[in-house]
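Order of writing sets the chain letters: A, B, C and D. Residues in each chain are counted from 1.
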Amino acid sequence: MNTTRIPSPSAVQALLEDLVASARPLARAGKPADYIPALASAEPGAVGAAVVLADASLVAAGESSSPFSLQSVSKALALPYVMDTRGEDAVFSRVGKEPTGDPFNSIIRLEASRLKRPYNPMINAGALVVTSLMPGRSGEEKLGGFAAYAAGLLGKDTLGTDAAVRDSEAATANRNRSIAWFLRDLGLLDAEVELTLEAYFGQCALLVDARALAHFGAVLALDGLEPGSGKRLMSTRASRVTKGLMMSCGLYDGSGAFCVEAGLPGKSGVGGGIVASARNTLGIGTYGPALDDRGNSIAGTHIICGLSRSLDLFCL
Amino acid sequence: MNTTRIPSPSAVQALLEDLVASARPLARAGKPADYIPALASAEPGAVGAAVVLADASLVAAGESSSPFSLQSVSKALALPYVMDTRGEDAVFSRVGKEPTGDPFNSIIRLEASRLKRPYNPMINAGALVVTSLMPGRSGEEKLGGFAAYAAGLLGKDTLGTDAAVRDSEAATANRNRSIAWFLRDLGLLDAEVELTLEAYFGQCALLVDARALAHFGAVLALDGLEPGSGKRLMSTRASRVTKGLMMSCGLYDGSGAFCVEAGLPGKSGVGGGIVASARNTLGIGTYGPALDDRGNSIAGTHIICGLSRSLDLFCL
Amino acid sequence: MNTTRIPSPSAVQALLEDLVASARPLARAGKPADYIPALASAEPGAVGAAVVLADASLVAAGESSSPFSLQSVSKALALPYVMDTRGEDAVFSRVGKEPTGDPFNSIIRLEASRLKRPYNPMINAGALVVTSLMPGRSGEEKLGGFAAYAAGLLGKDTLGTDAAVRDSEAATANRNRSIAWFLRDLGLLDAEVELTLEAYFGQCALLVDARALAHFGAVLALDGLEPGSGKRLMSTRASRVTKGLMMSCGLYDGSGAFCVEAGLPGKSGVGGGIVASARNTLGIGTYGPALDDRGNSIAGTHIICGLSRSLDLFCL
Amino acid sequence: MNTTRIPSPSAVQALLEDLVASARPLARAGKPADYIPALASAEPGAVGAAVVLADASLVAAGESSSPFSLQSVSKALALPYVMDTRGEDAVFSRVGKEPTGDPFNSIIRLEASRLKRPYNPMINAGALVVTSLMPGRSGEEKLGGFAAYAAGLLGKDTLGTDAAVRDSEAATANRNRSIAWFLRDLGLLDAEVELTLEAYFGQCALLVDARALAHFGAVLALDGLEPGSGKRLMSTRASRVTKGLMMSCGLYDGSGAFCVEAGLPGKSGVGGGIVASARNTLGIGTYGPALDDRGNSIAGTHIICGLSRSLDLFCL
């Protein structure tokens, strides 16, 4: 019953440039993720943003082509991939759909909750289950299939990998390894632990830019159709489930605040990216490695909230 | 940038009657809340629904005028009341905006979380803080002011009270009393414990029907304007914050699933009511005292999800 | 099968004086409890200690007659009182016997643990249940009966009360009030909340000195017999259960360390007192209001550990 | 200052035979550990017990020579080994001395507690840290050194291994693997995860019998001296720390109850063994694979409590 007026590219261009400019000084209050050197060395002042409209027009400002690793944004790509290849039930018989007040890397509810399963696919525990379900018998096969799928959603032919990020996460991610073994103890992993971790670190290290995230946001906005071509890239159902979970769990401990301020489904990653989508209208991709104390890009939340206000995208 | 086509009342009428009819057999799988006798005696097979369109037309089906107590739906009325009378900061300096994976009556995070304050105003702990902030020096004054405000949002002149529910909750609600004293220990209550509890039990026992909830849903859909008259009943900001929190925390432990299935902000109560709103389009009110194991009306979620699908109201 | 050689009073006298002297400078590292003014004003440098031998000889050094409030030491007096007047089962059908790693005033396990009851009678939640079980229909009656019983164990005719401490705790103890309402919600309190709290604050405010605690320690050492007279003051069973729980839970978060260092059952209070007992041999009472960061008297633990080493009292 | 009268072997013999006989029917209420087949196949009706007196006399009854795996009893052997080879501080800078109300295989407090380290060396998390500290650069070296040390305490030349138990635990112990990776993430493991797990599963699978456990109990009773020879096998300090921790944390969730009933330090394992010690007097070893719902041998706790009562061994 909803219809929408697509904004004009030129109006968005001016707006986006203003928002990138006003984001730059704000970013100084944050700092890049520092748990691995490969992320800590990001240029903290970098800010980029892109919008892809429903008709496939691209608008971009700032460092919109600077590459960065997907990190947790990959959770919003892996979920529809596995829903569409393995079936919704394969995922949600093992993982819930509910938000949790715990940190993204918490292990507590696996032991303490009644159901003893991850609360949703946007926290690490749930994402590891999703990755274990990816088709393929090796980590390489799983990752290969996913990367090809993700490239399509991101509007790219292929995706590069930040090998330094991947190797350094693989070497240090003992907490994720602990979570994975706990999941295995609960019978929730569909693949071997190390193979799952290999694919997981691989998916987090895939390289994107703000433009690619905007393209993915537009696919979500169109409930799975490619902007421009209208080609179906994911099922409507997978798109809606993914957006529903992004809405309540997409920005770590800042999910509720983002829901209230932006009123749009979004997903952030510690690499500095955020994707958001406005139904039938447009997708947004932002880059800004300076993070707030909840792990979300300061520039990115500023830009998305600004677009939501100016273009009246608040969806609730 | 969003525009919407308002559906025709006659189309909604047929749809609503179908949904009420198909909800009746489903409701048999649930049962009314039984922690107090006054709720347990509700007719489990009752089902009613109403829609108020943006132009104020009313569509109703089933037991849409049967009275029931607001219970937790009152949290979605109390929040904008206190935001608009005391200021947003008075609330959110004491309560967060984030969902929590814990039960609605949990006390754990008041002790265990880093910030030691309720995660959001939709759980009991947060709602008690909100109630303590209502203007007025006695429980009666607080409740009186709130009931007048709520009546306006619900499209009524005045609201009755289910005195049996109120008194029986006041007599048995030791868990809420425990939460209130903990909040007082943390310095988060703005009024005496017993006075706050008196107003809280009073707000939960206010009587509404599905039609009144639909009116309130329409006010939220119009970001605070009264349908028909266009009179402002709450600030745009209060409306948006309320809808954002309903979206991620409105249906207890079923909030995430409702977000994914209905794609609309909603708030349920154990009295059997649910309110939902679709931006610029309509408000929905449902009644069905048979609850699922998460405390949400079985008939209500069925009807709202059905309306969302048929009228394409999924907002994400 | 154990027999014991009672040390000579003169040897103990010299030892005790040395330990009191060496405790004085250590106490400077701590500070009195400061959650109520009446405790915060204690003289932080005060140190006193007493030993009552199995034959009732008394040895004392330092401020051994300075009065202070029992506080949590009262938990070790209330437990045998209620076991002997109401029966062991009345207590342990409502409270466990297991240590917990949580703080003394924690409420979490009442909600989160499988059994939903206090883990032991040495934490506040368990002690409130014990107090609710004291004979008497009013708070005054409960407290009166308990105070008479406690006076006997402490070798006194009657016990005074620090009214400032009692009133100030009653006025500020919202956390205890929260715990009590939670216990009531679980059906574990055997009396009204306010009446239970009145008796509880009263028992914590009873005045003792180090000599009285040493007398109580000697009664425990003799499994319930009064030193000297041999008169039975508590059942053997109550004495052993109390000592068992003191051993694993008597010194808050420092219980395990005290068990390893002193090797004796002990119970501390934030008023600055500690009681300990060495089977068949002697009781120890200490006073020193300067507390360590776990809430235990620095002077007291120093003196008891020193006595244990020098007199070979380590019981394990 | 304590002296003790050693009971006569013939008196103990009669007593032990009575207790073994009365334990047999009780054992029917329990069942062997069933998380691995190699343990589940134990003869549930088997009951054996032994006492080693301070003069090295051995008294035994029932299946006192039946072999079974050490399981968690190894924690009470590993702690003094590492304290005496690596120093007390190496252990207790990484692990606490406090009991916890959580299950033996809980991971929650590693994330949730303030100190983020295992509460004590008697739970799996703490024991894994202790094992990682064993001298040796491979799992085999660590285990070899420990097995030689343990053999001495158990009065054996060498110890066999239940290879089926070890391999089956290594294959299924994903929870322990999860805990170990979490410990590594916290920087608390002093060796690689897999190497630590190899040594840990090896120590749990070492074969003993009730007589060997009684010998170890006697060594603890003599604070580290071998009964008979008087040769020092462990330091007094290591013995006391170990007994202190056994007292408050030795029988899983039944530690507090055992402390109250037996009044002796003890350590149980799911293989069916329990060791206990009575200061200067004797050591007790029991075998009975039928476990209660807390994982402790039903026959073993019956026999040890019976000996404590009849021989007046209650130490508090």
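Just so we're on the same page, a contact is a pair of C-beta atoms (placed from the backbone, for glycine too) under 8 Å apart; a residue touches a chain by one contact, two chains touch by 3 or more.
All of these numbers come straight from a predicted model, not from anything done at the bench.
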Required steps from subunit A to subunit C (each step between touching chains, minimum): 2
Interface overlap for subunit B and subunit C, more than half of numbers shared or less than half: same or different? same
So, what's the distance in Å between the C-alpha centres of subunit D and subunit C? 31
Centre-to-centre distance between subunit C and subunit B (centres being mean Cα positions), rounded to whole Å: 49
Here the gap between subunit B and subunit D, centre to centre from mean Cα coordinates and rounded to Å, is 56
Which subunit A residues sit where two or more other chains touch them? 112
Which residues of subunit B touch subunit A in the complex? 1-7, 96-102, 109, 113, 119-120, 240-241, 243-249, 253-257, 259-261, 263, 265, 277-279, 281, 311-316
List the residues on subunit B that touch subunit C in their complex, please. 106-108, 111-112, 174-175, 177-182, 184-185
